[in-house]
Amino acid sequence: MIYQGKQKIWSDYQKEIPDNHWFYVRSCIRQSFFPASEGHFVKIVRDLLGKDLYETPHHTTCGGIAYHSDTIPQETAMTIVARQFSLMKEAGYKNLVTSCITSFGNYTEILETWREFPELETRIREHLWKACRREFDKPEYVAHASDVVYKLRNEIAEKAKFRLVNHETGEPLRIVEHIGCHYSKMFPHKGVGGAEYPCVLSGMVESWGGKVIDYPERRHCCGFGFRQYLVKANRGYSVSNTHKKFESMEPFHPDLIITNCPGCPYFLDRWQYVISEQTGKTYGQNGHGIPALTYEELAGLVLGYDPWDLGLQIHQVGPEPLLDKMGIAYDPARKYLGLDEKDIMKPGLPTVLKCC
Amino acid sequence: MGKLYDELCKDYRFKEGLHTCINCGTCTAICPAAEFYKYDPRKILDTIQRKDEAAIEALLKSDTIWYCGECMSCVTRCPRKNGAGLVIMALRNLSAKLGYFTYSEKGRQLYPLTKALNYNVLNLGYCVHPSTFVFEDHPESGPVFKWVLEHKEDVYARLGANFGKEGPGALRKIPQEDLDELKAIYDETGATERIETVEKYSLAKAEEMGMTPDEYLKYTFTHCSKGHFNNE
Amino acid sequence: MDFGFSLSPSSAIDLDKVDLSLYRRLEQTVPDIRNCIACGSCSATCMAADYSGMSVRKLILNLQRGADVKKMLSCCMLCGKCTMVCPRGINTRKLILDVCRYYSDEKV
Amino acid sequence: MKESVVIIGGGIAGLEAASQLLALGLSPVIVEKSDHLGGHVAEWYRLFPDLSPAQELVSRLVSSASGARIYLETEISRINALKDGYSATLNNGDVLFCKAVLVCTGFHLFDAAKKEEYGYGIYDRVITNRDLEHWFGGLEDARIPDNPRAVGFVHCVGSRDVKAGNTQCSKVCCMTAIKQAIELKEKFPEAEVYCFYMDLRLFGKKYEDFYISAQRDYGIHFIRGRVSEVSEDIDGRLLVKAEDTLSGKPLKVRLDLLVLMAGMVCSPQTGRIASMVRADVDDDGFLRSRDNIYSIVESGRKGIFFAGACTGTKTVPETVAEARAAALSAFRYIKEKA
């Protein structure tokens, strides 16, 4: 592997990311499965780094999952997005930041389609006016929240309490990145680093002291496939694709997986559990899995936030081996406690996968 | 040119997704669906560019068009700027509109998808939400998520979410006025009509298969016949 | 635990893993087999093709990919038309017979 | 005094044209921007279909053009139309007066790194047709392993590719791939060699014979499918994915070396030269001939002629033949004018 070759490509895909004043729209999946990730994104960007990030309670889903599950027409998805633009205009913002990759892809694709077919934009403006009596401006910038963290990665590194380094050996952690398909596969120039060697996540990893591991199926989809996961009958597709990735990364012994799409960490986490139940196989050390984290969780760990505040307890793959490697102290007894130390019982344990 | 092909040409995703196909197979080579299902996106594009109405109709009624996961990996690699995934979206849209989706097992899954997702969007303002995420339908979400679902209020509160409450934050309650706007958008842009169409054809199919709507919903959600995967 | 779905094996052709023993053997007895250009003249003229999916082009391809060809061969009537039309002069009739012989040897 | 013709480019087209113009009694001047004559061919090892040494051809052309004035490492700064000809100002300050200008600026090898998914310049064992040819010619190349078990050739790299901005077929790559595959197989008889192609375009004399020989005598495998993705495994081997379109299934194979058949694109100087001589550039970026059937060597402008790959992808024999045709056209133009 020739690192300079990648750097050359990265330099061709340097996306402009505004450094302040963002209008934030949330992700359905991230809120449901990684709510603390969004919470910490806001905390880091707004409170720690003092940037202006605005969220209106009136924004909704972008409809992306319904759209990519083919249950709503294209114009419906476009009009829902136009309504979000309208809320942004109302709030006086021009830089849109999405938490979800499907949304990011959706917004990007819609703006590109309107650029190519202006008559469609006109029609959507009519739809939105008729339905909601609303008008909108198109955003000047659309960024994914991982773009923002990429942009702020060095500021985060300056405030870091921990590095992505094995605290006993001093060796950098071996980290696999997984980029959501809709981040840049459709429009390579809309993603930091392009589609083939995106550096939005690898840039964070390197900035925080880790070592990025490339493996053959790095670019392969996690297997979500919308209807291929949402319908129970199709989940064989979904788990088989994740399985393919794990088989490919296994020889590289990664310490963790970092993701930027909200769905991918869920699938890369839960399918390890399913694979272990169905085949007895685990991919981490000593019967553990490989933790699949969101970039917010990883940023949070580096900045020294409590792992249980970050929500690492609601991953099926236990984060403890990773925390031990990084030298992060945690209290096992507090892992599953509610607010104010409230006892809310504990989850059951998987048959095969070791969880703590 | 035939009627179905003309219909496809009206779809913007089709306009963007099919220029001319050179049959090189870069799409199939890395397609997550092609690796496991009996699926070859190259052949789909080639079939359509032949403009053979009978072949297009057969596609619209087939399982084939429902195997794609819309990951759009194919878009990156095509040397002719096609996007098989975009063409698939146009085909599925037409199949839904004409009721052809009920002819195939994978197509019939549009019913549970339409019901569940649009319920969430219109009633909650989310595509996916813990309050409608049923563990029995998602055993893969694991014992940890079973626990989360059993203690929703506590866990989400512990993780700093604003679960079901007013104001901003994760999993906040989306105000009724905003849900009303979503409904108005659905009515205006054809989504409501689409939901009704899918419902109409699905219920007719349920009757034909001798099932109640609920049985049909459950069956289409869970049943997977042999023969979809390549090794079968 | 029954999840209601399971892992599916990949159907991608892995050239590192294909079994070429039969193909290698045929390269010795019908060396022309290497010359196929997949033009499909054989399949187009085949009397069994319409009814059975028989195709010498696919037969050779399957042999090169280590896939099973038994089923396809059972429909061949050995009429030899494919040999007549092959632009690369492959002795397809001998090829088919040799494959049959291989399978009958295997049985013994 | 003999009438002069300025030849822009000292590749095989420029050299052959110069030698013909000398024979016709004119005075050619070659202006070459690099430090050597013979262009791309001078860097090649052997030429199809005779497998003759490229250096032999170049030496022969250089020697028969030796009567021409030759500028190396020199570029044209400006060309002005005069009443009965042109003046060309060189970047060394010299001014050349001539009756006609012959553009022989050739092509540029497609930058294979632009096809990011193939990993040229990123994965250690991915090389181009040019790299391999250099290695055949005796240059060391650490990327080429000592005893490869499996080697692949990717046809159409940067050719027939809307996204890469080159829709044209580069003509020579199919045949070059087969030639190089055979040469490689001769060096490493135990290696499995795979050619990934979309169409095999083997139109020239003896090309099809090479193809048959590659199959029959060397057992080279031809797989109809464009390579979609290359990645590197833990042992440094390459994992290559394509569709086996004849089977209709995805296909993968691990290789020790992958050779990208980088195609021909118009030379970056083409636009600059075109504007100097006020010639047109075609949609494909190459120079536009007066027509593409009868007058390929003629521009639309008086006294401006073309030869070789500046007007489109060409083989060596085509280029040489065109150079002769262009020399004759220029000669007739000058004589008829006189």
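To keep things simple, chains are lettered A, B, C and D as they appear, and every chain counts its residues starting from 1.
Methods note: a contact is a pair of C-beta atoms (placed from the backbone, for glycine too) under 8 Å apart; a residue touches a chain by one contact, two chains touch by 3 or more.
Remember, predicted model here, so these are calculated numbers, not experimental data.
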What is the chain whose Cα centre is as far as it gets from that of subunit B?
-> D
State, to the nearest whole Å, the distance from the C-alpha centre of subunit C to the C-alpha centre of subunit D.
-> 40
Just how far, in Å, is the C-alpha centre of subunit D from the one of subunit A?
-> 46
Mind checking the centre-to-centre distance between subunit B and subunit D? Centres are C-alpha means, answer in whole Å.
-> 48
Residue list for subunit A, restricted to those that touch at least two other chains = 195-196, 219, 232-237, 239-240, 244, 274
What are the residues of subunit B that contact at least two other chains?
-> 30, 35-36, 76, 140, 222, 224, 229-230
Among subunit C residues, those touching two or more other chains are 1, 3-5, 8, 10-12
Name the graph shape formed by the protein chains and their touching pairs; answer line, ring, star, complete or other.
-> complete
Touching residues (chain side subunit A, partner subunit D) in the complex | 1-2, 4-6, 8-9, 194-197, 214-219, 251-252
Once bound in the complex, which stretches of subunit A touch subunit B?
-> 26, 28-33, 35-36, 38-39, 55-61, 63-66, 68-76, 78-80, 83, 105, 113, 116-117, 120, 127-128, 130-132, 134, 181-182, 185-186, 188, 195-196, 219-221, 223-228, 230-237, 239-241, 244, 270-271, 273-274, 309, 311, 313-316, 336-339, 342, 344-350, 355
Contact residues on subunit B for subunit A in the complex?
-> 11-13, 15-16, 30, 32-33, 35-37, 66-73, 75-76, 83, 89, 92-93, 96, 106, 109-110, 112-114, 116-118, 120-121, 125-130, 133, 137-138, 140-148, 150-151, 154-161, 163, 166-172, 174-175, 177-179, 181-182, 184-191, 194-195, 198, 220-224, 229
Footprint of subunit A on subunit D - complex, ascending | 113, 116-117, 119-124, 229, 231-234, 239
Residue positions on subunit A within touch of subunit C in the complex are 232-237, 239-240, 243-244, 274-275, 277-279, 351
